[in-house]
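Here the structure is laid out as structure tokens; the discussion comes afterwards.
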């Protein structure tokens, strides 16, 4: 049964995508199928989390072939947690896009959105559960290729240009990933992660370090860590709000997840600390300063996204239980919050007809409910207590507080970033929610219940993360523990003789 | 275990170098060619990691397993080839669409990045800039 | 305590709803929770003062050190009286002042609740939580709902300043917590940390307190925040929020007064602020700004007193804190009434208001007197203690402190006088103001607050009982055996004389305001913290735009160059630095690799030089075929087969797209410097990868897995180990891969499917030889027979009898070949992919001859259904074992005994492969259909290079 | 004995086939125009494949030979088609070095046929002209 | 036999190099098409020789596909060249 | 023969060809491929069948084999010729374009003639004129009229022998004369 729970998050969306593609004639059927399947996957992910929480890392090999012969899927606390939050967000975004009518409006190809979206979700799920480096690559490709399609769907000129930037950079990263897999295989003769983590111990140290760093670069591109981030602010903002939301919330996080997974499992003795710390500081500061410099609401949020990847690198750089706990929590929180903000930004842009802060400042403010929906994730992003952002950030800072050396610099960068994020959010608030000279207030909200409901759902997810910080904190801490104690993972995959 | 031979190292390096060179171009078509070449490079490398040339891994009775070429990199490379093919067609469609819309398939610089001027033209002051972006989903083309 | 906090929040949630229905009653309801808090505090007062503290805990996330610990001790008690008492009165005042403002009511009440939480928090992180919440609520209150940009900026400034301080403070808390091993305040005070980074923690915490309490240089936000409605200012900026910093200092002084920078910083900043802000208050004409500066000044004094770390100064600080809350909020509320009744707060336009509003004038004067420190008011009690405490200070620098305090008092007296004079006095030359009637509902809260001054002053014993327990905290210094008692009369002491002197001098200063103003005009300007704030923000903006402009340049080649350089420098550098020696390499393993390598490298060389698209496409095809050859040499016929098929299909798709593109690349040629750089980076990256490859293969992998695969492949029914991997061992990869293929077909179909095209490359021109031209009109080679029915759609000169005949013969053969490959994959090179690709090529062939793939595919199912169905079939085969209690992707094998044929072995993974086949075929068809569609759409357009310059952009 | 004969025959066939391949390569490089080079390229496609495959067939067990025969069959079927189509297009696009053409009966015929421009002037055969044959409007 | 096959391989390889030379040199696009087509055929010949040299019996089926479909790309490219004078 | 029967016969022929192909691919006649091949062949023809065309029947297969044998010898000799031209003349090789009139009106025969003559090195079919039944052959080397005439005869011979093998009667026993006026007139453009 474990195997079924593990494989369903990928198989169901893939099956549904196939069916959805053939169903292209019927929009309603596609919509229903999408929502039903993602709901099922959400339920599945909850079950996985409960299982992982109870039993620790749980693996299944497919087709009845033992690892490393067959492909291993594995859920531990980290992957199940991220899976659950990601699927929840994906579901909410799907509802949002159905409400917004985006899913229907690709004029040339109304059939394209749903299958692509389902495959995107399937790829994301698979990436979290993959216990095999090459399978992870395939999952990435599913996810990324779907994203190439989604970002260029219904495309005008600007989006094509942005799509080029996004696609080409991602492709470069994918090709590097494939190359790295080849190198890992060359050195070890396996691509199974658990097997790799054992065989990597026999590989000469210099090569291991280099492979570790190479993987960092590969996933750093996907995660948009500085200086590999440039593509993100140039591409995400042009996509429609739900697409941007799901990209921002999920794709970069999968990169972070892969980084955490591989670094902890394969290269535990590597001294990547300095590199990661430097990358974290640069990411935090360059990202947030970029946000401060923007005049476009979506670009601003994209830069904030880049910046906050730095927080996740922060915890990974510490490479201890408190630090990784922080990374886990921050990732979980950021998924919900960033998605929520992009969705609300989408509503704002839709209402005002512009994304420029300058022009938004002149426009009439959106209704208070939108302000409320904006405020909570915005404060969360800035790490203002008692939001989820604060919880996650606090855990990271606290983890950093235990270290000496150069860590205070990291903490200082994180604090400056928090402050500048707040500044950026305040600028947004000022532009969007102040009454400009164009006075006429919107008499009636032109959206519908689905849009607001979906946005509210995501925002409430963020609130839930803050409220449930106790339980989440416990899970995250154990997840971090599992990450550093690799024996659990190896035993789950390779059986008792591993270790 | 033998190392990669010099000739193959040269080919792999050459494929990567040429691929990267093309990837750095502004012409989307050249970039696409670069992606294809890099795909070849990665696949070849993957295959070469399986060791020196061997018999095709089609099992027949009485053969020793060592005689065969390593099948795993082959399977992985095959998967990667198909993926690269898919992406190639997608990019080609993108080239086509770019040309359809703009009359060129050049990867132009992002205009929004140019728009970051100075602090003085922040939202507090200065005349509003006209926006050329369409935020309506699906809109923008062909109208 | 938690219940009280919850009460605030719950009531606040209902206020907007209530206010819309009962504008005034909403405020009365709003006042209930703070009143309940005051009542609750009253109930527990004696117990708490006797040392029995109340504790409550809310477990939020204990694993993360996030617990809300609340504790009512004497200092908290004092603060509860201040924040809840004043809060209740302000809310009641608002019933008249801001009826129906539901949002403000909710926020103010919430604020009261948060302040209540803040002053009772016994855990640093909980304290920080409430602390930041006050900042946020103050931001929302100041900015208003849809006010102008000055409100927004003021709110933003307040938020940023206090949040910046808050963050510093949080850092300090974390360092302190790490040092002490606890975040509990009571434990910290009981066992103060001292070593390590405690000094840094203390400094950072002070930064937070200074920012929150508007100390120089962070003071600018408070005067700016005066744009808020007056009751908001009265509460936030007199009684509550700004007191948070003071409270924090008071809270931690017992623990940290001994830490290096604490006392000097507190005294220097506090007293400087006291003097400078008071000096500024003296020149304000806006009554509200006047008391705002006054507030800053008073806060400086409070910080200095409560941070000085002696028992007497703590007493003084507590007295003053109590006094200040009462008099300053009453004065703010007074300004509110004045403004509401007269329409102005400008003291140069007010005259004779005192006569018209006598009750207000009296109440305000009493408050002002308390502010000035006149006996027998509570302000006097505090100031006496302050002078005494500093006079007998058990630490160095006490004399400076006394001087600062004295100067500050002098100025305080002067601006107090200026306030009373400005608001109420008749001024020669100013027309008498005609204020409207002031509702009693506005006046009585002011009177009540004003009355607190004499009551607390005269009933000093009660006041002392309230303030002494904190001052007796063990951490505070008791100077020279001198136990100061709170009394109105201590006899004629040096502090008394000092106090009297300052009052007199202060009044003199007020009288001499005109000459003083002239002196001030000639003095150099003091550094302005507002200007400092503006410069900082501006600097950040500038730095941000500069940095972003120079990094986020928008150029994809630049980004990719950075990426490659990163790869070269970081992983490449790591490898080089670890293993400098080159491993032993052989020249080649198989001589046939040599010519193939030359083919590949030559084609590559041509490719990077090519300027024509078609040339490049053909060369990249050659590279692909060469690589396929290398695959064959390597012993990978499956791979070579797929590579070859893919290469051919790619070439076809390329060509079909190229029909509509210009022949040369755009842009034609990059700059030579750029090219050189690119070449350098690319060569370095290529070399880097090659070096990696050699090093990694030299590491020597284990052959264990590959041997297992070969040995166990027959168990899957597939003797071709590669096929066994694809359809069984690693079928999940295959499923993912065909998903990718499907989605690319979706994307390509959607991108090619636009009918908007205005652009098509013109076909044929008028040049060429006469013979060549002639062929445009000649169509000799048109078969009569319907060899391929769709080809009569073609331009007739494109037809070819030979081609049609051969394709007619080959088309079914190719399909048969594809089916063969599908089934042969188990035993030979082939499989679903190869089969599907070959089938796709059958239709490609028909498309090339007839330009209509639809005609070749006469079945009633669409390519979409073929592709989607293929994916669904593969996924279903993966799911099917569920019905039989087997793991996912399990492949069953059956022996079927069929008459005549003998035993037939069926392995279910064949159906998986069939799904792959169908999907690949469907994808190919989809592509062909989309390409056909794209071709048909649109008409002629002027090509890019021939358009006028301006249009190209 | 037969084995030796078989070996010798197949060696001769193979070497001859490979030799023709090489010669075709030389022709491909040395011939003056596209159509002539096409002649050379056809050599590899027909004779080279044929001889080498035949040589290989002699060395292969009977069960595996059919695949080789199919190679020969398909090569013989498809190569001429490519040759024809490419040659036709080469001629139509002037990829013929006319200085080396001593005799061109096709050109003679073409001269006899009236040119398309003339025909259009005459208004002849409008029905034969498909949309794709239209001349593009000149760029404005 | 292996020797014969190897000698033949050398000859075919030389032919392949000449073909790739033509492919790189052009000058016309049609020349490149011809060269590419020749290259594919030479690959088939070379592969047949290779299987002979290694007595590998599985690769032959790959070459069937190659010989059957090798001309698809050439025809597609040639057709393009006919339509687009600027691509010659 | 009715249309339906012709259709059936042609389809049966196609099925046969596909069946043989299948068996060749599997490399032997064993029960499973035999049945499977028939199924596949019938399936392909049923799903993707093409309209019937006029196809002359192959009456004398041995003649066809003989023709192919002759062609093979010709193949070798002319290959040597072309190869020699490549090595010796190279860039200076003289070529010619020769018009060949055909007798048969069967499209299959015309195509087969073209195909077979294409296999002979040194000749490429440049154009086909279906209506006038003409082939234009680019031949190499062609030094003059005589060479051209020889080529014309060679191709005509191929057609003749094909027609005999297929027992197809040429329309009028004479080369069609539509091109007679221009045939033989030389001169390049």
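Order of writing sets the chain letters: A, B, C, D, E and F. Residues in each chain are counted from 1.
The working rule: a residue touches a chain if its C-beta (ideal position, glycine included) is under 8 Å from a C-beta of that chain, and two chains touch if they have at least 3 such contacts.
Keep in mind that what you see is a predicted model, and the values were worked out from it rather than measured.
Participant: Listed by label, which chains are in contact with chain B and with chain E?
Facilitator: For chain B paired with chain E, the chains in contact with each are C, in label order.
Participant: Expressed in steps between touching chains, what is the minimal separation of chain A and chain B?
Facilitator: The least step count works out to 1.
Participant: When the contacting C-beta pairs are counted for D-F and for A-C, which pair yields the higher total?
Facilitator: Of D-F and A-C, more C-beta pairs in contact link A-C.
Participant: Looking at CA centres, what chain is most distant from chain F?
Facilitator: Relative to chain F, the chain whose C-alpha centre sits farthest away is C.
Participant: Specify the chain with the shortest distance from its C-alpha centroid to the centroid of every protein C-alpha atom present.
Facilitator: Per-chain C-alpha centroids compared to the overall one single out A.
Participant: Select the chain at the greatest separation from chain E, using centres from the mean of Cα atoms.
Facilitator: C
Participant: Between chain B and chain C, what is the separation of their C-alpha centroids in Å?
Facilitator: A distance of 32 Å separates the two centres.
Participant: Distance-wise, how many Å sit between the C-alpha centres of chain C and chain E, to the nearest whole number?
Facilitator: 58
Participant: On a C-alpha centroid basis, what's the spacing between chain A and chain F, in Å?
Facilitator: 63
Participant: Pull out every residue in chain E that's touching 2 or more other chains.
Facilitator: Chain E, residues with two or more chain partners: 9, 14, 16-17, 21, 33, 56, 58-59, 61, 64, 68, 70, 75, 79, 81-82, 85.
Participant: Among all residues of chain C, which ones touch two or more of the remaining chains?
Facilitator: 149, 541, 545, 548-549, 552, 554, 556, 560, 594, 605, 613, 617, 633, 635, 637-638, 662, 689, 693, 696-697, 700-701, 703, 705-706, 709, 720, 730, 733, 737, 740, 743-744, 747, 749, 751, 754-755, 763-765, 768-771, 800, 802-803, 806, 809-810, 813, 817, 824, 828-829, 943, 947
Participant: What are the residues of chain F that contact at least two other chains?
Facilitator: Residues 21, 25, 114-115, 125, 127, 134, 189 of chain F touch two or more partner chains.
Participant: Drawing the touching chains as a network, do you get a line, a ring, a star, a complete graph or other?
Facilitator: other
Participant: Hey, which chains are touching each other here?
Facilitator: The list of touching pairs comes to A-B, A-C, B-C, B-E, C-D, C-E, C-F, D-E, D-F.
Participant: Tell me, which parts of chain F touch chain C in their complex?
Facilitator: 14, 17-18, 21-22, 25-26, 31-32, 35-36, 40-41, 44-45, 47-48, 50-51, 53-54, 107-108, 110-111, 114-115, 125, 127-132, 134, 189
Participant: Could you pull out which chain C residues touch chain F in their complex?
Facilitator: 769-771, 780-789, 800-802, 805-806, 808-809, 811-813, 815-817, 819-820, 823-824, 856-859, 900-902, 904
Participant: Given the complex with chain F, which residues does chain D contribute to the contact?
Facilitator: Going through chain D, the ones touching chain F are 20, 23-24, 26-27, 30-32, 35-36, 38-40, 42-43, 46-47, 50, 63-67, 69-70, 76-77, 79-81, 83-84, 87-88, 91, 96, 98, 100-109, 112.
Participant: Applying the document's contact rule, which stretches of chain B touch chain A when the two form their complex?
Facilitator: Per the stated touch rule, the residues are 4, 16, 19, 23, 28, 31, 35, 38-39, 41-43, 45-46, 48-50, 72-73, 76, 79-80, 83, 86-87, 90-91, 94, 97-98, 101-102, 107-108, 110, 112-113, 115-116, 121-124, 126, 128-129, 131-135, 137-141.
Participant: Flag every residue of chain F that touches chain D in the complex, lowest number first.
Facilitator: Within the complex, chain F touches chain D at residues 21, 23-25, 27-28, 75-76, 79, 82-83, 85-87, 90-99, 114-115, 118-119, 121-122, 124-127, 134, 136, 138, 140, 142-145, 148, 179, 181-189.
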